[in-house]
Amino acid sequence: MTATKLSISGVGKNFGAVRALDRVDLDIAPGEFVTLIGPSGCGKSTLFNMLAGLLEPDAGGTILLDGKPGKLLGRTAFMPQRDLLLPWRNVLDNALLPCEIEGLPRAETRARAEKMAVDFGLRGFEKHFPQQLSGGMRQRVALMRTFMFERDLMLLDEPFGALDALTRSMMQRWLLDIWARYRRTIIFITHDIDEAIFLADRVVVMSARPGRIKLDRRIELPRPRDAHLLTAPEFTAIKRELLDAVEEESLKSFSA
Amino acid sequence: MNRAVILRGILGAVLLIGAWEFSVRFFALPQWILPPPSGILATAWSGRAALLPAAAMTAYEALSGYAIGAVLGVGLAMLLALAAPLRAVLLPMVVAVNSIPVAAYAPLALLWFGTGALSKIIMVAFIVGFTVFLNALDGLTRVDPAAIALLRSFGAGRLRLLWTLRLPAALPSIATGLRISTVRAMIVTLVTEMLGSQLGLGWTIFQAVLLIDFLQVWAAILVASIISLLFFGVVSAIERRVVFWR
Amino acid sequence: MLRAALPILLLFALWEAAVVGLAIDPFYLPSIRVVAAAMQAQSGFYLDAYLVTLAEAALGFAMGGLVGVASALLFTRLPMVKDMVLPIFIVSQTVPVIAFGAIVVLWFGNTLMAKAAIAFYLTFFPVTINTLAGIAAVDARQVALLRSFGAGQGAVMRKLLLPAALPRIFTALRLSASLALAGAIVGEWFGATRGVGAMLLAAMFNEQIVSLWASILVAAAVGGTLFAAVALAERAMVFWREEL
């Protein structure tokens, strides 16, 4: 195993005259949980699109997965900002979508999905259709779909952005639980500083557009983490530090 | 739909037919202005020996043309959904041809394919094909780009995208096209039959007009409407079952 | 303008290329040059047909559009009446209405009104139904918001419901444009001496393939005129895109 799972260097992106992403350099170790935070429009989703192989970085940037260059499409498990569940497929079939595209044997993946549905709190809802689910459940189905696509690197774009505060904090603890069990490398975009700190081994703060890495903060809080952590003094200290950085950038993105 | 709404609908229909029957009798309207519903029903019943074969012919032409047109329309749309450059050239031409009313090329079909069933089947297939094609292509190409990106990130290719995402996503518009096409198929069959045929409800109507037999015209319209309504109803019911997520 | 003309020119080019390249029997498809020459030789005759049919179709189409929108607005105000009449409307949509052409000609005689009445009938229903669908699709919370600003029924209608239904109204109008024209043409089959329909019928009975194609082109021109009118009105009135 290589020491770095993902190595991004000098990656930038222009959309016509708009410089969405400046030069991003970032190394991520295997099994690490990294949260990415930054003002709206700073290029977070753009970076993910490039990591997922949906978008080519501008010349000069390189992305190495497992130390090797090459096509990225189909090599990372990508979860977009919206759940994008297909309304004509039930919960299980939605979760099975990536396996079906990969052409994996159906019976086997089905059995695996049925087991995983229990972990994702979807037991008894396997035959339901997305329209019949609550927002939190839909998000869990989308996450399960991402987990079914067994790739070591997972890219989660604001998975809990649309949820209410209560559901959200439950989902956070639950995600940490799942992560501890499945041990994948996760990059997680969020707008919520509490969420960023609570989940992460490392919080990466991006600058206002054109986005670049402004701050890379290691979070050495003990795991497993619970809700009380949010009021602990060491948590608040980190939060103050990050807030300063984020506020500064948010102001910039408004005055720009 | 709740019961009150259904009851009001039935009430409306009963009122309409009642008012029709009543005013025809009360004002003693001549038949050429408006025959009474009872008279139309009686004529349809007593003339059933002649109307039934005509109806069977019309239904046969409309259904065969519909089936051919539906398959061609969806197939062609799927082909063009895969070929964006070809689509950009072909689609405006298809739209231009589609703006010519059916009635204009019906005579052409009769000259080319004779006055038998073939000319009607081809006309229906042509019109249904156009309608379904345009609806299907619209659905196939108007898929959420984010969903396409997601499937591509799982490694899906063009064919996979077409089959797993575009086609199901287009089902509602394809179904709409198929539903609209039922009535159009009947109209085209009748129009082409009016121009020239040996058998069929359109021909019955045309003959009855020439013979100034108004009751017969209304009776034929009644039978054609029943076929059309059945056809529409069956396709709508299938649509509701297939496109359950709407 | 050029964007609209290009596919038509391309079609003509394909037509000519097919005739010359594949040596198609002129009984099936005469050269476009021959058809154009025939149209030019009798330009007054074809122009007359164009104008007559356009007048019939456009008159019925315009009336159908207006009455259709008006009755949809009326139904929105009187839901009881709507529940009673709408099912009849929907069923009558499945009636092959063109069959009524014969009867309407009997009622009105061979007048402009007869064909306009058929075109009216074919436009009226789709426009009513689509306007109602457009109004029904308006978010009830938006209506509530306007009411909370103190808007009355009329204001809600004018400022919210009607504009919200406009995209669908135009969808119906585009659909009915060619239906209205088809209605006018079929209306002319029952004994008319002027108009595209009469020309088509005469050309068919005399097996004059060139004048049949010329008539089809005239029909296309009438259809194109109606379409262009709808498209221009749509561009002027619906400058926003329908949100999905």
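Just so it is clear, A, B and C label the chains in written order, and each chain counts residues from 1 on its own.
We take it that a residue touches a chain if its C-beta (ideal position, glycine included) is under 8 Å from a C-beta of that chain, and two chains touch if they have at least 3 such contacts.
Since the structure is predicted, the reported quantities are computational estimates derived from the model, not experimental observations.
Peer 1: Count how many hops through touching chains it takes, at the least, to reach chain C starting from chain B.
Peer 2: Tracing touching chains, the least step count from chain B to chain C comes to 1.
Peer 1: Can you tell me which chain lies farthest from chain B, using the average of the Cα atoms as each chain's centre?
Peer 2: Centre of mass proxy via C-alpha means gives A as farthest from chain B.
Peer 1: Roughly how far is chain B from chain C, centre to centre by C-alpha average, rounded to an integer in Å?
Peer 2: The mean C-alpha positions of chain B and chain C differ by 17 Å.
Peer 1: Taking the mean of the CA coordinates per chain, how far is chain A from chain C in Å?
Peer 2: Chain A and chain C have C-alpha centres separated by 52 Å.
Peer 1: Averaging over Cα atoms per chain, report the distance between chain A and chain B in Å.
Peer 2: 49
Peer 1: Can you list every residue of chain A that touches 2 or more other chains, as numbers and ranges?
Peer 2: If we look for residues of chain A contacting two or more partner chains, we find none.
Peer 1: Okay, in this complex, where on chain B does chain A touch?
Peer 2: That would be residues 144, 146-147, 149-156, 160, 164-165, 168-169, 171, 244-245 of chain B.
Peer 1: Per the contact definition, I'd like the list of chain B residues that touch chain C in the complex.
Peer 2: By the definition above, chain B touches chain C via 4-5, 8-9, 11-13, 15-16, 32-33, 89, 92-93, 95-105, 107-108, 110-112, 182-183, 186-187, 190-191, 194-196, 201-202, 205-206, 208-209, 214, 217-218, 220-221, 224-225, 228-229, 231-232.
Peer 1: Where on chain A does chain B make contact in their complex?
Peer 2: Its residues touching chain B are 49, 52-54, 73-74, 76, 78, 80-82, 84, 86-88, 97-98, 100-102, 129, 131, 149.
Peer 1: So in the complex, which bits of chain C are touching chain B?
Peer 2: Residues of chain C touching chain B: 3, 6-8, 10-11, 14, 28, 80, 83-88, 91, 93-100, 102-103, 105-107, 177-179, 181-182, 185-186, 189-190, 196-197, 200-201, 203-204, 207, 209, 212-213, 215-216, 219-220, 223-224, 227.
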